[in-house]
């Protein structure tokens, strides 16, 4: 099964490198198809082409969004587009977005981005294994980019 | 008829457990198909696959949303996706979302979530029975997660 | 020609009763198909099923929305879904929504709701008659739920 | 080629009259199909029917929106619906919307509406002539409902 | 391969001229198809026609948006429409939008617009070459209309 990676020249961190190193460690034999586009608004059609033209079984859509209001609007547009592609193709796309205002410090932002991308790469592998692979973790407050929030009990 | 349950590892309460115990009590013979995904943005395609690949007659989409602005945006995206899936498949999906800011106290939030999930599980069973099963309750101000609001009279 | 009515258990007024009494008076022979769902987010697929499975020529989608921000968001989602159903089926759906904050006084809210539902039932009958039945009233500031706004002249 | 006009009883100005007088002057032989609906949320499916059932080559969708927040929301829904219809039919729909808060004075609002409708009627005729009929005016800051904004030069 | 240019009479700068001069320099043999429409809300269907009727392999959608709230709403609608066209056609559309409030000074706005259009024309040419032509620049913080933001390192 082929795994797709869609990323952008707009992002300020090479997010795809974290996917590549994680896959190398976890599934050294994984077939990977990469597609780099200018910005996140170009990601939906890129993901659709990875699925329909390159036959990827799942795609990681990697992007970074600025903190201005127009950036949020564009991010929402891209996210809606990624939803549509998933429904048109019955294929998961993990929408891994990092907002630059999540962390002021660049080193911390880098660490957050790395954590989020690695965890979502592992999520993608779990989804490829089956519908209930993640079920033991349902309702456990998993987070990507920060510590898990944990379970709220009765 | 098969009932689908789609839930997330992001949620901090095992919402599916309330569906399972309710179905066990109400329809012990019910066939259930579960699909656990990372977050609510992954729910729409999971629901579509439950309907199209697993032939579920109805799906309960269970999720929790944080209180930040970005969480609301993501919840809206997921909801729009769930709308689209329903229209693409002519199948009801009960979108059961709990916002963490609905109750500050975790015990109260747990109780609210349990009440909402159980009532929507019963709603799902009613919808499976026919178009007018809920008609005697039309306009009666039913609520899930809190007390009913009741009817406004002339 | 069959007329569909989709309504909710969430609403606090039995909005469908106003449709039924209006139709009884105006078109006693009208065939009516009703579908009651939990909330307005369940209306779009219900309307689609009324059109595609029950062959309704037009549908009145009746709902009430609370005044919290999340209610507005849900109402917008439902409305977008109703738009999509109309375009997928080339069939009018009159989206009759009452916001609880339109009137603080419950008796006035009841009267507003009744006025809006009756007028939109008459609009539905006019649309069933043809594309230009309402043309003599084009630009005349018709309102449902309040007095007409009237025409602005040169 | 047939030109469609979709308008509403909600509008407070007979916007279609400006289309009719402009067409009479510019293209006396034009075939016109009109469709009047209650409000702007009913326009998208009306336009789709004008294109698919009445074979209109272009449609002018004429509407007025109030100034309350809910009116803006409804206008956005209608506009999104009109976008979808254009993409489903590969046909232009000129979405001519007048907001009542664009001008406080009713006479000025009437003049604004008239100017906007006439200019968009001429735009429709230009689009029917070909893809580059408007090219000589590209980037020249044309406005409908007010004076042109003009070109910004180097 | 044909390159499409969709532009508007609403824009106050002849954005297409920057595409034309860039293509003349970079790919003198490029076949170009142009489509000029009134405003950005008319761009999605124009782009769809350029792709489906004129067989363009990629389209540059060029527009300018005012700074009022309604302009932002319209820009969002146009952007969502452009997303849909890309997914319906599996073809990239570079959505090149300039907001008049990005620069108060008209000369600076002109320079910004020129920079953005030229860089996106080069992006279009790169995308036509293949999925990994831009990969060497992934995560390097490329910007159009301003200086690049650069890479954030570990």
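Letters A, B, C, D and E mark the chains in the order given here, with residues in each chain numbered from 1 onward.
Basically, a residue touches a chain if its C-beta (ideal position, glycine included) is under 8 Å from a C-beta of that chain, and two chains touch if they have at least 3 such contacts.
All values derive from a computational prediction rather than experimental measurement.
**Q** Looking only at residue numbers at the subunit D/subunit E interface, is the share used by both copies over half or under half? Answer same or different.
**A** Both copies, subunit D as well as subunit E, present different residues to each other, with under half of the numbers appearing on both sides.
**Q** I need the rotation angle between the copies subunit A and subunit E from a CA superposition, between 0 and 180°, in steps of 5.
**A** Resulting rotation angle: about 70 degrees.
**Q** Could you put a whole-Å number on the gap between the CA centroids of subunit C and subunit E?
**A** 41
**Q** Counting only Cα atoms for the centres, state how far subunit C is from subunit D in Å.
**A** 25
**Q** Of all the residues in subunit D, which ones touch at least 2 other chains?
**A** 80, 84
**Q** What does subunit D use to touch subunit C in their complex?
**A** Touching subunit C: residues 7-17, 33-38, 41-42, 44-46, 48-49, 52-53, 70, 73-74, 77-78, 80-81, 84-85, 88, 106-107, 109-110 of subunit D.
**Q** Taking the touch rule as given, give the residues of subunit D at its contact with subunit E in the complex, in rising order.
**A** 72, 76, 79-80, 83-84, 86-87, 90-92, 94-95, 99, 120, 123, 127, 131-135, 137-144, 149-154
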